[in-house]
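By written order: A, B, C and D. Residues from 1 in each chain.
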């Protein structure tokens, strides 16, 4: 039990000019784009990306997110976005960190929580559908 | 014939902080949001907004756009976005201007061109469907 | 003491097309734009908007935010964004709700936390500068 | 003379979910982000990126842009953004194409025009400053 390794992923990207605000730092709302790109990378690796989610009969909207901004990000900065699964039984909780790619200094940390919603009925699922557990390699 | 008045609309809005870049001016790609808000206002006035377009069996993707930037826009500036119809027979061409709301000084001008695409077949229409002409009050 | 009324503000806006994603609902990261517009409205009302903040010698970056998504927002929906001050002594904490403007049904709730940073030295302030308390009408 | 090869660059990227609209295709205003990323790549290659521009005493705002949308872009599509210099004497004109990375099918084409503005005086330059020509390898 204790040795389950939940999936994680990393993504490097360079901060684009259009994400930076008049203070010369990335506007806080734009961080969610970086988180999504890392999240999609992780989901691609476990073969359960957005299109596969939909094909499996479920949508997985984000229902809760928190983000703490520790150090500013600047134009052209090379960053590493790290994401890992921390909960999956009833909902999919992912933890994120954004680091400066060179120094490793942490710029922000946070999470997103997604729940499965049946595509046809629109019903929220109180237990994660078996396909998620299977894709995570934690099938009961 | 000579006295057809094609529809036009105006929208006032205040430049939000998150649209301004590190140079302290609105990033050029963000202007297209202002154009769209004015376009939707015009379409609402003629009873042919995006939802009504879809209900009528047509999508109207933007296929061409040009925008000339004359004076910068700044955070918190009150602007007036003006839009008017300039072509409709084969495609919908809208002309735009953005003015400083107080001085009337022009900040940019440009156009968008949209064509009708049948929703079911995906076929591009070489003549604008009759519903557009009817909504514009120019039915043949 | 018990009768301090901290400032609050409201803003009505219509969900623009470009904020809606392929699922037909506003993409979660775009909510932060609506929060900012309401936040700026509140700050304008107390005479301490972003430009006045900077003129007072302080920047107020967002250092923490949480947002819970309760009901989806759709294109063209008229929404009301409500914001109120809940903490100010050491940092500025604002609480937000987004409601459907007609039904009053709540679509999301959350907060942002901002701290004062001295513009010249770049030093974070552990106590909110007196000007904030004065603007809030809670001067010691 | 006839054999001057003006710089060009390419960038591959995957269409992120948050750029796609309710019609399931990239919203037209979001293309300008892709163009900017390719433009920055080209400028980096010639050692005259945005930060170097500013350090050289000039800002280079976009003053004109046109974009024709030929085929839609979809979520997760791998695209190639191509950019090349087509004018430099009085202004910097760049030509763009976006292709599907696998099939090579063209999705859009367009241009941006930037002019040099002296940072200190704010004066627009009617001739491109010598540093641009030098960086392009076309010094008189």
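The definition used in the following text is that a residue touches a chain if its C-beta (ideal position, glycine included) is under 8 Å from a C-beta of that chain, and two chains touch if they have at least 3 such contacts.
Computed from a predicted model, the values in this text were never measured in an experiment.
**Student:** On the document's contact criterion, could you list the chains that touch chain A and likewise touch chain B?
**Tutor:** C, D
**Student:** Which option, A-B, A-D or B-D, should count as the same interface as B-C once over half of the contact pairs match?
**Tutor:** When the residue numbers line up for over half the pairs, the pair is A-D.
**Student:** More C-beta pairs touching across which pair, C-D or A-D?
**Tutor:** A-D
**Student:** Let me spell it out: compute each chain's centre from its C-alpha atoms, then which one is farthest from chain B's centre?
**Tutor:** Greatest centre separation from chain B goes to chain A.
**Student:** Taking the mean of the C-alpha atoms as each chain's centre, how many Å separate chain A from chain C?
**Tutor:** That pair's centroid distance is 24 Å.
**Student:** What whole-number Å value describes the gap between the mean CA coordinates of chain C and chain D?
**Tutor:** Here the centre of chain D sits 35 Å away from the centre of chain C.
**Student:** CA centre of chain A versus CA centre of chain D: separation in Å?
**Tutor:** Their C-alpha centroids are separated by 30 Å.
**Student:** Which positions in chain A are in touch with at least two other chains?
**Tutor:** In chain A, residues 17-18, 29-30, 32-33, 36, 75 touch at least two other chains, as defined above.
**Student:** Provide the residue numbers of chain C that touch chain B in the complex, in ascending order.
**Tutor:** Interface residues on chain C, with respect to chain B: 16-18, 32-33, 36-37, 40, 49-51, 75-76.
**Student:** Provide the residue numbers of chain A that touch chain B in the complex, in ascending order.
**Tutor:** Within the complex, chain A touches chain B at residues 17-18, 20-22, 24, 27, 29-30, 75.
**Student:** Under the definition above, what is the set of chain C residues touching chain A in their complex?
**Tutor:** It is residues 23, 25, 28-30, 32-33, 36, 59, 61-70, 72 of chain C that touch chain A.
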